[in-house]
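Given below, in the form of structure tokens, are the structures.
Both complexes below contain chain A, partnered by chain B and then by chain C.
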Partner chain A sequence: MSFHHLDQFAHTASPVTRMPPAGRIVGTVGLALVAATLPAGAWLPLGVLVALSCTLFALARVPPDVALVRLAWPLGVVLIASATLLVMVPGPALVRLGPLTVTAPGADRFATVMARAMVALLPAVLLVSTTSFPELLHGLRALRVPGAVATALGLAYRFLYLTLDELERLQRAARSRNAGHGAARRRHLLVAVTAATLGRSLARGERTHDAMLARGFAGTLPLLHVSPWTPQAAIELAMLLTVAAAVAVQARVG
Partner chain B sequence: MAHIPDGFLSIPVLAGTAGASATALAVAARRSRATLGEREGPLLGAVTAFVFAAQMLNFPLGIGASAHLIGATLVAVLLGPAAGMLVMFAVLLVQALLFQDGGIAALGANTLNMAVLGVGSATVAVRALRAMLGSRPHATVTAAAIAAWVSTALVGVAVATELTLSDLVPFTTALTVVGLGHVVVGVAEAVLTGMLVSVVLRARPELFVHATERTRGHGWRVAALTGLALAVMAVAVVAASRQPDVLDATLMRFGLTGRGAPVATPFADYRSPVGGPWVAGAIGVFAALLVTWGIALGVVRRRS
Partner chain C sequence: MTAVVELRDVAYAYPDGTAALVHATCTIGAGERVALLGPTGAGKSTLLQLLNGLLRPTTGSVTICGLPVDDATVAEVRRRVGLVFQDPDDQLFLPTLLEDVAFGPLNAGATREDAAARAHAVLDALGLARAHDRAAHHLSGGERRLAALATVLVSEPDLLVLDEPSGDLDARSRRRLRDILQERREAVLVATHDLDLVRGVCHRALVLVGGTLVYDGPLETLLGDRDQLERFGLAA
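And now, the complex of A and B:
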């Protein structure tokens, strides 16, 4: 398992990858914030944000099919979470679906939440497609996240593969013994495997940390190249945030 | 729905939860500087990676639903409240930025729910329970299991409150669907946390020395926790007694009420022979605690 299937466009030369990682994070958070806080029924501002995100995808050379596939899973989760609004929000009945009644306010809130969520997800998908984990960590450090968080993330990036490796090995061993057939046994097996993984990953984590220290690890993941802040990058980020702010203002006063 | 996606919460709720989370994380970062040393680095990374990996594993609950470990109590027990909050925030941050699990704009709310409230309430509960039960391994495992249930239930109440404050769904509906869901999932969290703590206690008992040190002066915390539980119960009882819950409303909407022979239950519609809904609610909270306690003890005995 690795993050490389996520950040496969991190090394593609584009205006997005030329932006420093901290700038990419700020731009993503800005767009997501504006999208998530648009008032209900602000369809035109949502459309502008979709167009803006699609332009960024094109600039980053991320193919539309890749973006759609990556959008599908998180959007599916949002769909499941927000579908309950259709019947949970009280109000006049709109349509009956078997034993359930979809209410008009429920449908309105469902549409608003889905649209906001989809538009807020677009910049996040772009970020993960164009930014490697070490770059992301570099950006977070530049944005002054607490040192313990940066340390935890830096080491977790290394240890996650070891933990998942231990997890896979334990599950493979269990499968080879035909363990875990049926829901109750599977539940018991997963609990036992998870508990064993914790014990093993703690021990292996310490050994790996010692090895990393012996090879000169000083708390930060080394990067061969980090896009530096240039006047052009600063102007591009400022323009992006200005457009996002203008959309937010227009949605409220327009 | 522990991870709230973007688009659900209103601007005041997003801003309020982000401000509260930022303040709590700043305090946690300040305190962790004093408590975290060179040797805690690998533990921090390993626990972060483990929580991240464990949240990928879905456990079948056997009722057509599945749940995954939240891990708030586990990190509270292993790392203490300050580092535990930071580790949970690190997990939530990566999940939001890289895996779109939980919204970026809603990161403040998710952090407040799972990192601040989850880890904070788990720490208070574990320390209070250990003050009462003692520091033997069985007591620690029992305390961690009960704290996991309390912490998960509180996360559910927090999510329901935020959805209601965002004017999305009525409080009764949110509490019934989200809160009750977390109360059920909390049982799985309690069992899993109990087993994980039991494993670490046997393999690495020294990890518990600092994080769950039994200290004096927890009486007011026990009182505060009890007060909080009673306040939550009071809100739930008052809200639940005014209008039918979502299941009742659905049944009434389709004219399905009154069909079939009613089954006699001792506290139907939160009514008690003595004292009304308040006594019924108190009995319910006490019964839930007893059930979780029993499950935790069963897990401990089976593991030992």
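And now, the complex of A and C:
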């Protein structure tokens, strides 16, 4: 299995990992919501939230380079999706790039969207870096996310690895027989391997259902864990949310 | 001896009409350790699934600990028959090992605390205590086999049924599995091609060929009869 694990800092002792997973999820969503609802050009509050996130990264002992690499991918998607704002928002011209004109309000909106996205994504990156998937599931269950959703996520997590393993094995077997030379053949190989993996996954699904029935499954997945809340964790989360709320209020009032 | 399993004239045909099992009759007593042998496609896995109520016989009857396997009894039958599947990845489907092992007791109505305590105890007994919070894909092949075994041992079944349990195990893991099976007190039925494994575990053998039970007797007698092993397609 060559799949890289995102949660490599989940076992690092820190105030972040000591907080129950539900608290980490609430904190992440809270910061993301505050960031997403800040008015355009609220640079100081955005800066405060970035500083807050960086402090949390430092507390969790996640190195900055790891954070930046993990931030780059989703931020790249936001960049591509919002680049049109530069030229689509009407207003005085800032720069001319051939037939396209970057407007001042467009640049302001684009910069705000990127800053908001970065501030919203930073805690999300911290969450997945410091929380194992089982912990995330426990957190979701503790937050009363419907059992079927949490269960489906849990099964998907488990079978994602099996499916990736299956895919790797099939690709290796195909390559060992010199399959996939040339772009057209590579595409053909990918389609064939994907179809085979899908077929095998469906068969595995049936076998797993049999294995569940064999151990008394009757349609409802019972839960083993309920995440405990300690007063300290509740206070820490309340403080984090208070700071985020204060930033949001300041951005609107000030 | 109390019968844990009673098969009476059991036949099973798949929906396409393929006969997987033909007029099988046998009894397995409490505490007996039986090897189920036969070439690939002989009907071994079908027989195992009939014991757990996953399949129902086309004709004949299956009785587990005096309970005829039907809709009314299938939940109790599944508690009494612990079935370990051929591929542990089919059996380990939850995010952590502890949750997987606790799954059976929770389904049977155990409290969370009781299910967790029992799961911890079984994992400890099998040497997997440290892996309780890991996902199955973080375990070695041998650990996954033991983990799959733990998922059924935790329910304290009257009959332990294993489908090709030594498939991809190295020598050390195979020895460990054999030691564990030797220590079991419940009845054990092992479907396998691994004659070395069952030699140290089982005293009796059932041989299926083409869906028909062709041998029911002492394992040592069978293993000592080269001609018979050849005829049943079991000789290496």
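As a working rule, the second predicted complex is superposed on the first by the 201 of 254 C-alpha atoms of A that agree within 3 Å, B and C clash if a C-alpha of one lies under 4 Å from a C-alpha of the other, contacts with A are read in each partner's own complex, and residues count from 1 in each chain.
One rule holds in what follows: contacts are C-beta pairs under 8 Å (C-beta built on N, C-alpha and C of every residue); 3 or more make two chains touch, one makes a residue touch a chain.
Small disclaimer: the values here were computed from a predicted structure and weren't measured.
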Chain B versus chain C as contact partner of A:121, first or second or both or neither: first
Partner touching more residues of chain A, whether chain B or chain C: B
Which of chain B and chain C A:78 touches, first, second, both or neither: first
First, second, both or neither for A:208, with chain B first and chain C second: both
Contacts of A:92 with chain B and chain C, given as first, second, both or neither: neither
Touching partner for A:231 - first (chain B), second (chain C), both, neither: neither
Chain B versus chain C as contact partner of A:216, first or second or both or neither: second
Which of chain B and chain C A:158 touches, first, second, both or neither: both
Residues on chain A lying within both footprints (that of chain B and that of chain C): 133, 154-155, 158-159, 162, 204, 208
In the complex with chain C, residue positions of chain A that touch it: 1, 133-134, 137, 154-155, 157-159, 161-162, 165, 204, 207-208, 210-218, 222-226
Complex contacts: residues of chain A adjacent to chain B: 3, 6, 25, 28-29, 32-33, 35-37, 73-74, 77-78, 81-82, 84-85, 87-90, 99-101, 109, 112-117, 120-121, 123-125, 127-128, 133, 136, 140, 145-149, 151-156, 158-160, 162-164, 167, 183-184, 186-187, 190-192, 194-199, 201-206, 208-209, 219
Chain C residues within the chain A interface of the complex: 49, 52, 54, 75, 78-79, 81, 83, 85, 87, 89-96, 98-99, 102-104, 106-108, 112, 115-116, 119, 133, 135-137, 151-152, 155
Chain B residues touching chain A - in the complex, by the definition given at the top: 1, 5-11, 14, 25-26, 28-29, 32-33, 36, 41-50, 52-54, 57, 59-62, 69, 83, 86-87, 89-90, 93-94, 96-101, 103-106, 168-170, 173, 177, 191-192, 195-196, 198-200, 203-204, 207, 246, 249-250, 253-254
